[in-house]
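So, here's a batch of structures to check.
The following pair of complexes shares a single chain, chain A, combined with chain B in the former and chain C in the latter.
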Partner chain A sequence: MAAVTHAGTAGERNLLPAIPAGLRAAAPVAVLLVLGFLAPLLTVAAYAFATPKSFEVFRSFTLANFSAVFDPSNTVWMSFAWSLAYASATVALLAVIAYPIAYGLNRMFGKWSGLVGVLFVFPLFVSENVRLYGWVLFFIKNGVLDGGLKWLGFSGGPEVLYTPGAILFGMLYVYLPFMLFPMSLGIAMIPKDLVDAARDLGASRLMIWREIELPLAMPGILVGMLLTFVLGAGAIAESKILGGQSVITIAQDIEVAFTYAQNWPLGSALALLLVAIVSGLALYVLSKLDLDRILGKR
Partner chain B sequence: MSLAMISPAPPDTTTKTDDAVFPATAPVLQLVGVRKIFGDFAAVDGINVDIKEGEFVTIVGPSGSGKTTLLRMLAGMESPSEGYITLRGELINDVPANKRPTCLVFQSLALFPHKTVGENIEFPLKVRKMGAAERKARALELMRMVRLPEHYYAKNVMRCSGGEKQRVALARAFAYDPDVLFFDEPLSALDYKLKKALEKELKDLHRESGKTFVYITHSLEEAMVMSDRVGVMSRGRLVQIGTPEEIYTKPATRFVAEFFGEVNSFEVRRDGRDGWILGDGRSIIVAPTDEAIGDTATVIVRPETMRFVTGPSTADNLITGKIYNEYSLGSRMQYQVHSGGRIYLVEAARAAVLGLSSGGSVTIGWDAPDAIVVGG
Partner chain C sequence: METRSQIRARAFVKVWTAFVILVIYLPIICGALAGLSKGRYFGFPIRIFSTEWWGKTFASLEIQSLVQNSLLIAFIVTLVSVVFAFFGALAFARYDWRGRKLFQKAILLPVFFPQPVLGLALLLWFNALGINPSWQTAVVAHLVWIVPVVTLVIAIQVYSFDPTLEEAARDLGASRWFILREVTLPILWPGIWSGALFAFLLSWGNFPLSLYTAGVDSTIPKWLYSKMVAGYSPMVPALGTMSTLSAAVLLLAGGLAITLVRRRRADA
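Presenting the complex of A and B:
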């Protein structure tokens, strides 16, 4: 009897050290992530397979929501196409716009450029909707632009509000900091010696950029592109506020399914598809982004 | 010293005619009154030097002496505020680094971390738009020259060891095929043994390639091993330039003498034509000295020329004192001898000093030719 008790306590004593200290320390964050991140995602995934227009989550399983989405008569694919097209255009244009800014910041402020880049994040302290309505006031008929030009004697401003172009403008405006910040960090990672060495070995300005600066800044550039793309694919406020619903994005379709239509299973199916598309693209890019090679670990 | 006083003048074009007569001694690189001023601080303050074709010149100096700034001007990463730099008679003051037939091996080596060993070496060839096959052949040839194994061609350069990285940087510089190679103490980060081996390899490479090397370092020891000529820099000026032998035996100033390491230095004043006396009135016997030295001077005696005087032997200068401390230098020993409130350093071979111990009374001495008299 005594021997059994003894073995029992020894077993208990061994149980606690069996869990590594790192895992035990990570437990609070792990619990938070499971409850706050994984559980909602799983609920959405479960809803996607529930009976359409019901709340029978976990009690029914059907692929009806997906067959509705893929039904040839359903035009929801256009929303996917618009969202992905806008996200791609935003990424491409922001890469071209942000690179010179990031480069200039780096040349001007050196290692402090990251800090100066944070200043570009300040507009995020104001609600996105408020900022977008500000642009509505700027572009609207008799607004700041149109009214100002009329006051100066011109015939008035261009009618850009509520057009697809205005949506793109809004997205470029909103997502600039998300591209700029990682990009300037990426550019700051280029050692100055390498640029000097390349020039010393006879390389021209263009050659240095193509062979040295661009590849070394690539991790930052790709992170910026990825961030912007993920955010852009889920954009909704720009099309609603600046686009005047001239274009319906997928995020708006999802919102409608969850609110007016009260069809949570359909909304969940759309959301799940969006997650699948965006994360598929993100994983593809991340697999190309070989940080180890760049940092010389491999 | 006198060179530094020459006021900047345009490079002498008459040397062109001399080239034809004495091509072997024509300077490949010529500096006249070169200065670099940052704000109101002269980092480089009037450098005049001629570097001959195929020469290995090392500039040594403590940190902040301006040697890196000087090298950056030579490589084209800074332009001089005053003076002239000519390469084979052509003024290159404002020629950018990528238009100069010179190449710098950086202290950090500045290898491209995202490229393989082969791609690093081929970079200057790619700049010149050489074909891929030809590039690879040349890269492998250079790798053989710097003793890198062939299979390193496809290796990530950041996976190479410190010594291997040195070799890659060297091969890359040679791939550029420069007229002059500059080195910004590339060996400083290596451990002692590897450094010694690479110093000798670098000297071999210099001889085999016949290129002109300009090397900067803060280690005079490193400079002595490799160089044909050594220049000592202090506060932006070239204090002395000469063969390692000259720098060692005839240092121009106390700074140069002390740069070698620990020395015995005595502040003395002139007493007659060849006589020098210490502060306490004792006289020091030295070899006949330069008239140009003023009334006060410093007598330098290296610890290795000091010796213990025993039995029948004697020396021109003798001092009696007590051994205060002893240090092992490996094959040799260094002793601190206290006498009259001064500390003397004596270095001697182990066998010669057996029987000496701390606290023991000894006589030390040195001969007049071993005492170096420098001004100030």
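Presenting the complex of A and C:
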């Protein structure tokens, strides 16, 4: 972060010619990140050590919020467990769901791949609550599934709404593009000649996939998995809209602490723990990757 | 020559992709149906179709102010984020400088971050600064997340840009401003337009950041959510469908314009 803050001060000085062009170009974004991302996180960190149920930030220091979180009588660890389990399941299932599509976008759809790509991008521009609400209308009693089956003479649809399974389904649905596109960039990094050469030398399809395609596409796949995991761990809309109250995710606990309970220090302690898990993972994976290559530097 | 297993794999990928696309659009279609059915409560199959709720949604003054808020936020976010991200993308992909690798990773962090938590953190920060949350703070919140995304979109275009063009112009005595206007910008236009389109649409559809940082002001996604939780009326799916359709029209128009520009340039 040292260079980022440095860039921030560089932007305020009067653009001296000694400052490298890259640093000058980075300055506006760097200032935004410091003021809009780093500072809020530091505020959260400061609140996490403030007296519980108070607003005495920067004026008190206590570990009471953390001991409340780790108190055995507190069931907030359940929310953590649910969120991390949901995030892991989402990553694993989406990797399987998205791989054939990402492969097709690169190798099979030809001139159609642009259109297919746009069809997968578009849902990102429709807010997730609208799309999730569409599933409520689909699964609800007398909704599209239930009513449709009755109309066809069956006894009606299964009751899936407001169950833990519905939440997982909603997460798979919302986060698919975040797995698909990085994965597709990863698969684009596989040189086609290499695959052809391996085939000419008699390698089987499975062997080509395991020894060439998968390792070369790995950076993109990792980015997709990381992105999906992080977003899944912080998910809230899926459990609220599709899950009823069947599962409380950690983001929901944080929200309750910040809103109804008016216990900002506790909410901050929870948020800080979530951020520690998520950004620890993100920084670890990002440190292993060369972003120039993934985004297509020649 | 394709072997039989290759043909089978190809067929599987196509059928699977078509199935997933169908699943992706199914809830959007359900919402459209619900907004077009007569009666206060949704039931399927729809007995009577009507545009009653679309009319009521259009006539509602409350919804007009939501649309104005959403548009205003999206326009400001688009303008600011394109300018920031244009320079950010040059720092990301074009210039060779010492902090570049760090910058590349730092810029990804807001994207690799749960948005509800980012929204709540910003709420705390605005409160610590003594700023009352309103649509202006929502603009800041959107920027924190959208500027990095737009930077990546433009950076992809920058990677395909040959830096010797700028050097040639400099060798011929062109000023820095002249190079920016006559060389760099024209080459990067398609990326900048794609970035602007992304910025507008992501802001237009954003829910978690607006929920926590817009204060008493409401945007379309935020209002829809409050009605989903309490007080359903068919105006919810109707407005949701209108919002989706406008995004689709914008994406289509923008995509066509960018394709036309690319094609004309390829011919020239």
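The working rule: the second predicted complex is superposed on the first by the 247 of 298 C-alpha atoms of A that agree within 3 Å, B and C clash if a C-alpha of one lies under 4 Å from a C-alpha of the other, contacts with A are read in each partner's own complex, and residues count from 1 in each chain.
The criterion applied here is as follows: a residue touches a chain if its C-beta (ideal position, glycine included) is under 8 Å from a C-beta of that chain, and two chains touch if they have at least 3 such contacts.
Here the structure is a predicted model, which means the values were calculated and not measured.
Colleague: Looking at A:Ala92 after the superposition, I want to know if it touches chain B, chain C, both of them or none. Which is it: first, second, both, neither?
Modeller: In the superposition, A:Ala92 touches no partner, neither chain B nor chain C.
Colleague: Applying the touch criterion given at the start, work out whether A:Ala30 contacts chain B, chain C, both or neither, answering first, second, both or neither.
Modeller: So A:Ala30 only meets chain C here.
Colleague: Regarding the shared-chain residue A:Met78, is it in contact with chain B (first), chain C (second), both, or neither?
Modeller: The answer is neither, since A:Met78 touches no partner chain.
Colleague: Is A:Ala261 touching anything from chain B or chain C once the two structures are fitted on A? First, second, both or neither.
Modeller: The answer is neither, since A:Ala261 touches no partner chain.
Colleague: Just checking: does A:Leu194 make contact with chain B only, chain C only, both, or neither of them? Give me first, second, both or neither.
Modeller: first
Colleague: On chain A, which partner's contacts cover more residues, chain B's or chain C's?
Modeller: Residues of chain A touched, chain B against chain C: more for C.
Colleague: Based on the superposed arrangement, let me know which partner A:Met207 touches: chain B (first), chain C (second), both, or neither?
Modeller: In the superposition, A:Met207 contacts chain B only.
Colleague: Taking the superposition on A as described, I'd like to know which of chain B and chain C A:Ala237 touches: first, second, both or neither.
Modeller: The answer is second: A:Ala237 touches chain C but not chain B.
Colleague: Figure out whether A:Ala39 sits in contact with chain B (first) or chain C (second), or with both, or with neither.
Modeller: Only chain C; A:Ala39 stays clear of chain B.
Colleague: Which residues form the common part of the chain A surface touched by chain B and by chain C?
Modeller: 295-298
Colleague: Note which residues of chain B are touching chain A in the complex, please.
Modeller: 75-77, 96-99, 102-104, 106, 108, 110, 112-114, 123-124, 126-128, 156-159, 172-173, 176
Colleague: Which residues of chain C touch chain A in the complex?
Modeller: Checking each residue of chain C against chain A gives 5, 10, 12-14, 16-17, 20-21, 23-24, 26-31, 33-34, 42-45, 83-85, 87-88, 90-100, 102-118, 120-125, 128, 140-141, 143-144, 147-148, 151-152, 155-156, 159-160, 201-202, 204-208, 220-221, 224-225, 228-229, 236-237, 240, 243-244, 247-248, 251, 255.
Colleague: Sort out for me which residues of chain A touch chain B in the complex.
Modeller: 191, 193-194, 196-204, 207, 211-212, 215-216, 293-298
Colleague: What residues on chain A touch chain C, complex-wise?
Modeller: 1, 3-4, 6-7, 20-30, 32-33, 36-37, 39-41, 43-44, 47, 57, 97, 100-101, 103-104, 108-109, 116, 118-120, 122-138, 140, 142-144, 146-148, 151, 173, 176, 205, 226-227, 230-231, 233-237, 240-241, 251, 254-255, 258, 264, 267-268, 271, 274-275, 278-279, 282-283, 286-287, 291-292, 295-298
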